[in-house]
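Right after this note come the structures.
In what comes next, subunit A is part of two complexes: it sits with subunit B in the first one and with subunit C in the second one.
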Partner chain A sequence: MARKLPHKDVAIIGLGWTGSILANELTDAGLDVVAIERGPWRDTATDFAISYAQDELRYRIRHELFLRNSQMSVTFRNNAGQTALPVRTWGAFMLGNGVGGAGVHWNAETWRFLPTDFTLKSHLTQRYGANFLPADMTIQDWGITWNEIEPYYDEFEYLCGTSGQAGNLSGELQSGGNPFEGPRSRPYPTPPQKQGYGHTLFAQGAAKLGYKPFPQPSGNLSRAYTNPLGVTLAPCTYCGFCEWFGCANNSKATPQTTVLPALLRKTNFEARTECEVTRINLDNTGKRATGVTFVDSSGEEYEQPADIVLLCAFSLFNVQLLLLSGIGAAYDPATGQGQIGRNFTHQTMSSALGFFDKDKYNFNPFVASGAIGMIIDEFNGDNFDHGPVGFVGGGYIGQVQTNGRPIESTAVPPGTPAWGSKWKAAIKDNYLSTINSGGACHGSMYSYRDNYLSLDPTYKDRFGRPLVRITIDFHDNEIKMSNFLTDKYAEILQAMGAKQIVKKPRKAPYDVTQYQTSHLNGGAIMGDNPGNSAVNRYLQSWDVANLFVVGASAFPQNAGYNPTGTVGALAFWAADAIRSQYLKNPGPLVHA
Partner chain B sequence: MYQLTRRGLLGSSALWLLLSSSAARAAVIRGGIPWKPGAGDPPEPVTPGGWKYFTPQEAKTVEAFVDRLIPADDLSPGGRECGCAVFIDRQLAGPYGDFGGYYLAGPFVKGTKQQGPQSPVTPAQHYRKALAALDGACRSKYGGKAFAELTDAQKDEVITGLENGSLKLDGADGQEFFKLILKNTQNGYLADPIYGGNKDMASWKMIGFPGAHYDYREWIDKHNQRVTMPAVGIANHPNWSQKS
Partner chain C sequence: MRDAHGHFPTVTRALLLGAVFALWPLAAQAAGAIDKQDFNQIERGHYLAIAGDCAACHTLPGSGHDYAGGRVIETPFGHLVAPNITPDPTTGIGAWTDDEFVNALTKGTGRHGDRLYPAMPYTYYTKVTRDDALAIRAYLNTVPAVHHPVKSDQLPFPLDMRISMAAWDELFFKPGEFRPDPHKSAQWNRGAYLTEGLGHCGMCHTPKNFLGADDAGKTFQGYALQGWFAPDITNDPRRGVGSWSVDQIAAYLKNGQNGVTVGNGLMAETIHLSTSHLSDDDVKAIAVYLKDRPGDAGKQEAKAQPAVSNADQATMSAGAQIYADECSGCHAPDAKGVAGLFPSLHGTPFVQQTDPTNLIHVVLRGALGVATKAAPTAPEMPAFAWVLDDDQVATLLTYIRNSWGNAAPTVSADRVSKERAALTERSD
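Take a look at the complex of A and B:
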């Protein structure tokens, strides 16, 4: 029998970026908030101490800061004709765990989507005609516009202290910034990070070819910054152990360095760690959440009653909990019915290796941050005419090499033996003079009828509940796009003076063993009516009015950018809707 | 809709695992950032001497193998001297050897390449089986000699045969074993020396990686210049102290 806990105004599932932002906003509004986090408490001084944070084996190869598959995993198949099998250890994506969530180990590339990304279906149909889109592509408009979300992008960037160069201030293009970005109301809170030799050479090569390079917006700060909550971050020291790692320097924007010190002081906030929410409880109408049930690390079960439930777990697990709790209808690709699980997307990543003359070039790859880099955005979104190329979508292209960590930095020219003295000589000769930017072509992935999430019929978690099952493959559209972006990147490497270039475009089928960012999205998408989405424009569940489902699970499709900026903006946007509308008048905020 | 039953909770105890090393931390946190002295979790340094997983014969084979994967030459000492076999031994004796953190519920079904590894055979078990089979294959092919007794040229022949699949092992997949031992050897060669390999940061000095330096601010603007900081590992760093 579950032990019933005292009532709270708000129960938040997960204490990562969205959980932290919403907890802070709602405690400010005077509500009593509890956040329930499956993983442990994490802190800079204990978990990413400066004396042992730079440990590639422990954190990058053995993934010690990540969710252990033994605690929770997923199953995967390329299509419904296959049997999904467990992801026994992470590969294509690595999932966070603990307080701070993926916000602890991200590389802090902090982007906004394009204005047209939010009205993608209407825009592409208008420009190219409905027949230009593949018949099984299921992209949608988000139900919000750039003008509506822009102030919330601003709010997230000022929370983080994001370092960047504005490209468009209220419609006026600014030199040195991204000429394609949507108009922003004010500059970034801190100036861009400094760039290394390889990144600078890329910008020179790109400019030679007529592009407009600009520095990547970075949550690894260029200088010390105190945010509106009074929390201070330090300047980044270009240590080269950013993504996969916690920052020992307090210079990476994370919930730990931006929100938690302020949040934890509040008497109306409580966090329960190493407690896993197993179910969102509903009343007998099925339309109202009464709270959540969770299990602590000793196996004891609790019921936490609450008036508002915020589902703030990682995107995949938001969808899993909706399905396990019987909220909404599960998506069936055969009929197209059901919203929960639909429009699952990842990212379409590609790169190329650039080998340079070792006697002329020394890139010092280990001097870098997670979000360092020079970028061109000419081939993102609908920033160029797709008519002649026969695909839609795109991505930023950049020299975004984040590190020279040795185990990961053994790229050698094709034909080099995999072992022996020749291998040793090749890694020595190429280590300092190779451009090896894994995230160079950051391509979009649009949504399709047959890429979706569901519950696995066979494999269970440690509580006996079904794992979430991923069914995903690449479609021709994304493969064409990847080839295109990779070719453009290779041209820039050529202009930089590379002596040998090895192109690595993305190839089908989707492989769950090859890392492609952890940008998993969709499955509980936002939209303008319950017939096409799981949540409304405020991320409120259409089915359960006192439940909000916040995160990248809301993206109807993925864009050619890292998602966290948009995830942060949506969290602030939802918080504002709850504070200014829902609390005054609880109930559905949108009547469709 | 799934109702969690007490049976469901305890029935899957086979998968029950310590969630983290932070058992001492409070589960309910309020009123401030939790802190207690000595709560850090530095890595445990590997001390060489003896074998924790390998039998003496297995250790001999592995030392011989890593010394061909990474031969001694002007660029660096060989894999054995660099401690790669010690590294692998300690890794196999620890959670890595036993699929620590892996999802281990069945059924175990072989899937497509894209679905990733589905074998229940742990790295430690894999080495045990493959090393025995390797010696068996060598004795057949080279007149009764085990791998460690072959000439360097013969060892290289054997390794090449595993790599390209032409040399079969009885009861083990030679190509999969080659990939595993190659990965583990190179990891040991390039990882921080605290784990038993990369002795004296030999590989880092060879390639030009300065190691565990946290502050490169003076170097970010020095384009195309060689960083002159001497290489340092976690345990050589002035900030390092072992947990008592």
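Take a look at the complex of A and C:
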């Protein structure tokens, strides 16, 4: 029997980026808020101190910051004909854990999607005709427009202090920025990061080919910055330990370095860590959430009653909790009916290695940051004519080499033995003179009828709850796109002066052991009616009006960018809708 | 007849009192010129209680009971426990008369004429005006009464005999309300009143003699207590606040950081509970007064003369290496830090105290900066006790204390070793 706790206005599940942003906004509105986080508390000086933060073995290889598979895992299969098996060590993606969530270990590449990404289906249909899209592709419009979401991108960037160069200020193109970006209302809060030699050389090579390179927007700051909440961040030291790591210098925008210090001062906020929400409780109509049930580290079960429930966990777990709580109808790929689990996507990453003459080139790859890099956006979204290429989608292309960490920075030319003195000699010869940009081609992944999330029929967590089952594979459209982007990138490596290039386009089948990114999206997507989405344009559940499901789970498909900028913007957008509309008139904000 | 604060000038009040006595002699005890339930009086008393930081000792952190006592006060002579000062009539001060309260606050006398120990800073509060003392009383009358018996005196024999405090008072206690200096500005006098009186800054910052009394010749020149060193706060250009502007001192007190340094250690609590809640005018007044405390530099021949370092070259270059490896990532290669986040080590008093306790403390154990409304970041410094040995810490600190124009005595490995041992005995 769960112990019933005193009522709260708002119960938030998960204290990562979206949970902390919403908690801050709603406590500002005077609400009494509790955030329930299944992982530990994490602070800079005590959890990733500068005296040990740069430990590749501990954090990169042994996954210290990530969710333990024994606490919660997922099962995986490529298609419905296979039996899914549980993931026992993270591979294709890393799942964050604890306060700050994935916001602690991200690279801090802080992108906005393109305006046409939000109206993708109508845009592509209008430009190329409905028959141009693969029959089983299930992309759709988001139900919001660029002009609506832009102010919230701005809010997230100013929270983070994002370093970048504007490309389009209110319709005026700016030199040195991304000419393809949607009009932005303000410049970035801080100037772009400094660029290394390899990154600079890429920009020169790209410019030689007629492209317009620009610095990647970065949440690793170019200079100190104090955000609107009064919280100060430090300039990045370019140590090259960002993704998989916590930043020891307060230089990376994370919930810890931007929101939590202000949030924790509030008496109407409470955080419960090491407490795992097991379900969202509904009243007997099934149309209203009464709160959540969670279990603490002693195994004690509690019921937390609340007027509003915000589901702010990682995308996969947002979907899992909806399914476990019986909210909405589970997606059925056979009929295409049901919304929970539909349109699950990841990313289509590819790259190429560029080996340069070691006597002429020294890239000092260890001087870097998670979001350093020079980029071209000519082949992203619908920035180019897809008619001749026979696929849709795209991605940014860039030299975004984030580090020269010793264990993994061991690229050697093909033909080198895999071990022994010749291998060692080849590493020595190539370490400083190789362009090894892991995320060089940041390809989109559009949604398909047969890529989805569901509850696993066999494997369960420690409470006996079914794990979430991933069914995903690459489709021809994405593979064609990946080949195309990889070729374009290789051409730039050529123009930079590489003596040898090894292309590594993404290949099917989707491999759950090979790291791509941690950008898992969809499953509880937003849209303009309950027949095509799990949540409305304000991320409010169509089925349970006092439940909002926030995060990348709302993406109808993935764009050719990192998702966090959009996740942050959606959090502010949802918070604004709750504050300015829902609180005045609790109930559905969109009438279907 | 009232002044700007709504108070009757003293002479008028005396006349009024006479009139009241004549009419209701039986109500003499309760009557006065002050309405004890007057909103303004209570508000002023609340502010003054914050300025006096009464809660620092009289509220047990985490207890949820304001002013109910129970916090252990460490003194060089043993432990005392702060009493309950809520209006509870049996375990608090609810039954005390106003005079008994004022006497305790300003004269160090207990309710029945017994002597208080000067852990209660009556030696400073004696400067508090009777009006202000009564305002504090009026405020304390409004806080929830908590029944919480506290045994204050836990000192060993013979110090547990309060009678011994009479002799102490005879020697060291100079009672008397603050008297403004007519040659100084109103701002200076306000600063002096707060600093010397309610603020009881000297309690931590003034060196003590062997009996725990202020060393009168060294006011505000720094004092070691509770595992920290309350630094020099005179206008000394190296160790004191001489290199800070009035605005920087005021910002430090109000916001917990001033672009150069961030409040930490024991001062973090004082900023959190007290100074960050003072008005801009009051923190500025304190700053103006401190800038007029010359300290050692004012009177000695060594006026702005940099101290000569006796650090040898080998130590300095080894220290530079450790600094580059362990410190420069945050404090920056030029040691100027990041405003509001990582303190500057460049010419700052924190690193140039003659006593290196604080530096050793924060390097070994780390530190948590104070968070305030204006500056909520609460920057942290990680602990290095596990990564640097005593020699390395000593070398590093000698380097820091004698680079970028800094000058301060070298730090020995023995000293670090002692602090390391002491730190393991303390939880804070």
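As a convention for this text, the second predicted complex is superposed on the first by the 592 of 592 C-alpha atoms of A that agree within 3 Å, B and C clash if a C-alpha of one lies under 4 Å from a C-alpha of the other, contacts with A are read in each partner's own complex, and residues count from 1 in each chain.
Methods note: a contact is a pair of C-beta atoms (placed from the backbone, for glycine too) under 8 Å apart; a residue touches a chain by one contact, two chains touch by 3 or more.
Not measured: the values here are computed from a predicted model.
Asks: Regarding the shared-chain residue A:226, is it in contact with subunit B (first), subunit C (second), both, or neither?
Replies: Second partner only, subunit C.
Asks: In the overlay, answer first, second, both or neither for which of subunit B and subunit C A:272 touches.
Replies: A:272 sits against subunit B, while subunit C stays out of touch.
Asks: With the two structures laid over each other on chain A, which partner does A:49 touch: subunit B (first), subunit C (second), both, or neither?
Replies: both
Asks: On the superposed three-chain arrangement, identify whether subunit B or subunit C touches more subunit A residues.
Replies: Ranking subunit B and subunit C by residues of subunit A touched puts B first.
Asks: Between subunit B (first) and subunit C (second), which does A:591 come into contact with in this model arrangement: first, second, both, or neither?
Replies: A:591 sits against neither subunit B nor subunit C.
Asks: Just to be sure I read the superposition right, which of the two partners does A:249 touch: subunit B = first, subunit C = second, or both, or neither?
Replies: In the superposed model, A:249 contacts both subunit B and subunit C.
Asks: Looking at A:239 after the superposition, I want to know if it touches subunit B, subunit C, both of them or none. Which is it: first, second, both, neither?
Replies: Once the two structures are laid over each other on A, A:239 reaches both partners.
Asks: Give one of first, second, both or neither to describe whether A:261 is in contact with subunit B, with subunit C, with both, or with none.
Replies: Both partners.
Asks: Could you list which residues of subunit A make contact with subunit B in one structure and with subunit C in the other?
Replies: Touching subunit B and subunit C on subunit A: residues 43, 45-46, 49-52, 235, 237, 239, 248-249, 261, 265.
Asks: Provide the residue numbers of subunit C that touch subunit A in the complex, in ascending order.
Replies: Per the stated touch rule, the residues are 326, 329-330, 338-342, 366, 368, 371, 373-384, 386-387.
Asks: Going by the contact rule at the top, pick out the subunit B residues touching subunit A in the complex.
Replies: 1-12, 15-17, 19-20, 22, 25-35, 39-43, 68-71, 73, 75-76, 96, 99, 101-105, 107, 109, 111-118, 156, 159, 163, 182, 186-187, 190-192, 194-195, 203-204, 206-217, 219-227, 234, 237, 239-241
Asks: Could you pull out which subunit A residues touch subunit B in their complex?
Replies: These residues of subunit A touch subunit B: 39-41, 43, 45-47, 49-58, 61-63, 68-71, 73, 76-78, 82-83, 85-89, 91, 98, 194-197, 200, 235, 237-240, 248-249, 260-261, 264-265, 267, 269-275, 278-279, 293, 295-297, 299, 301, 324-326, 361-362, 364, 366-367, 404, 406-407, 409-410, 418-421, 424-425, 427-428, 431-432, 458-466, 509-513.
Asks: Within the complex, which stretch of subunit A touches subunit C?
Replies: On the subunit A side, the touching residues are 43-46, 49-52, 224, 226, 229-235, 237, 239, 248-250, 261-262, 265.
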